[in-house]
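When the chains are written out, they are named A, B and C in that same order, and each has its own residue count from 1.
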Amino acid sequence: MPTILPLALVADELARLRSVNPLVHVLTNEVVQEITANVLLAAGASPAMIVAEEEVTPFAAMSGALLINVGTLYPARLAAMRQAIASANAAGVPWTLDPVAVGVLDYRSEACREFLAAGPAAIRGNASEILALAGFAGSGRGVDTTAGSESAVTAAEQLARATGAIVAVTGETDYITDGTDTWATPWGNPIMTRVVGTGCALSALVAAFTAKADSRLDAVAAACAMAGLCGARAAGECHGPGSFKSAFLDGLYQVTPDLLRELVK
Amino acid sequence: MPTILPLALVADELARLRSVNPLVHVLTNEVVQEITANVLLAAGASPAMIVAEEEVTPFAAMSGALLINVGTLYPARLAAMRQAIASANAAGVPWTLDPVAVGVLDYRSEACREFLAAGPAAIRGNASEILALAGFAGSGRGVDTTAGSESAVTAAEQLARATGAIVAVTGETDYITDGTDTWATPWGNPIMTRVVGTGCALSALVAAFTAKADSRLDAVAAACAMAGLCGARAAGECHGPGSFKSAFLDGLYQVTPDLLRELVK
Amino acid sequence: MPTILPLALVADELARLRSVNPLVHVLTNEVVQEITANVLLAAGASPAMIVAEEEVTPFAAMSGALLINVGTLYPARLAAMRQAIASANAAGVPWTLDPVAVGVLDYRSEACREFLAAGPAAIRGNASEILALAGFAGSGRGVDTTAGSESAVTAAEQLARATGAIVAVTGETDYITDGTDTWATPWGNPIMTRVVGTGCALSALVAAFTAKADSRLDAVAAACAMAGLCGARAAGECHGPGSFKSAFLDGLYQVTPDLLRELVK
């Protein structure tokens, strides 16, 4: 039974993120670029979407972290991703994989298999995606998940052990594992599934937290906790997905390490 | 004189949409991808923007409906659209055409002419676009319309008869026709023209409603009514286009068949 | 010491913008297309993102102004930009350059050097970008600026004299210069740096104001003032970057020449 991540640890990780203010090189899908950038800016990181094969190699090497999201993959973007990953690996920059809808379409499944072998620092997906990655029979449908996150915990642990990546399988409860230890962050809210990009932006936040992290397990778990806690608060304040998004970004901006420590008392 | 669409019929169509929760394959322009996805998610459909030639053929066939929007057309996207349409047609998946700025620029006009011959289930445009499609002399300027929707009703009816598609010409009042019967939905509000993507997202909603529809005419009209009614309510609550968008998405999420039936009493 | 732009002049320029309602051809980066379109629509211009090499030549010639933003440059978009600029120049359409992260990556630096020689009507950047363009040693990091805008005023004046463009260097105070006269607009707010696209959208607003302008210096300065004043009001009302964006768009829509003239009294 995984332990719930202590808020004091989230507070420490958030303090570190804001002190580092990492430059995050984002290679993501066409749909979620704005919300991804806004989530990173609100939380305290600096996003940059540098996409051309002519530019990704130097830029990945000068970044604090890299995100690879295959949501709208096509050949030019795939080529840029390969170069960015190679450059990040050479420079010791941690990179995070968001395997959107892996297992549903062969082209992206092949790309994800290839990326998996290139050594991501972290992987963030829903249960179907993590099951597919781990070689289980996924039943994914686009970007929706049809299985609860708890059904993929064992697969996530196996995937973490096989790849060396921290694996986060997210849903109403998120599970974050290095294959040995597993944290749970139980603050997911169904309304987040009605706002496009909340999962993709969480993957970018995962990438941001891995920059200069002492413990990648704690860093990735803290990213999930930040999204979950701010999402839960926004869900309580909003009137639907439009006002949710606004309140969610406000919350990521307002939350401080001290506010998190206050919650514990 | 077209009849105003009864709200009881909108309620029935909305109940059907929420029960089907259709997967909508969206091939749209670069500018409106996020709002399009959010409108579909709020209303009760599942969008997926799958754009690569390597992926559109299998994905269109497994979707409930397909949207083709030519707003930012270029060769790779045009090739993907051709494949997606062929696949949708082969699988019996209904697809909707949004002919953004047809008649203004030759490249997209040629593409729209070609798409028209491929048999769309529905077409959604403003008066200039529908007039251009119908072979009338359009006077379009980018995505604006310079003619009221009523000026294009006859053209819409001719276009519907010539192509077999349901044609929706939208503006302050929307007219939806199969060439014989025509519904009117009179809830358009000028502020919607100051928020990018409201028309494009309506076309995606039209596509969503056509999935497993008993009557495509009623389904397309119900999509227009949903956007109009939620837009009118949001217009009454908002302080400008920023707060309009948030309230519009909230309204699409909050509205239920029962609420619509209450409005009739 | 630059003079603060009088609000009466902003009012006159805004009245002109709303009367002209210019069609603005926008070639910008992938991340900010929606907010850019929404800022233009709220302020009173008509954006159109026409991106294909097959379409940009006729469209740039029929537009009132053109924006070139190199944020996510890649070969196909660069080719379209070159054609659009040539067409705008031939037709006498003023175009604005936003040199995002120039000086940080060679590919875009080369493109910006080339564009500079093609005669932009206006240039809008942060201090690092203007310093880099002016041939000073920039210390840019992605799209952030690490230097205050005042540090680049001399560079901006030199750049304006060398190119004939109006140059706006923006930050907490914006400086707008033709190389001889320089206006200051002191209404910038730090929260705008936590919302992606506020700078890019300002460049689009600069382009919109240059359409049919009597004085390009006053027009560009008025664009900066509009963004600054509406940003300052939104910053005072909001709870974070999510609600800021909504309030900012509402403000651009609500503000009128008369409201600006009232502020002077």
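Here, contacts are C-beta pairs under 8 Å (C-beta built on N, C-alpha and C of every residue); 3 or more make two chains touch, one makes a residue touch a chain.
Keep in mind that this is a model prediction, so the values were computed, not measured.
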item: Category of the chain touch graph - line, ring, star, complete, other; value: complete
item: Interface numbering overlap (same over half, different under half) for chain A and chain C; value: different
item: Centre distance in Å when chain A and chain C are each reduced to the mean of their C-alpha atoms; value: 33
item: Junction residues of chain C, two or more chains touched; value: 30, 34, 245-246
item: Chain B residues within the chain A interface of the complex; value: 23, 30, 33-34, 37-38, 41-42, 46-55, 58-59, 76, 245-254
item: Complex interface listing, chain C residues touching chain A; value: 29-32, 34-35, 71-75, 101, 104-108, 141-144, 193-197, 238-243, 245-246
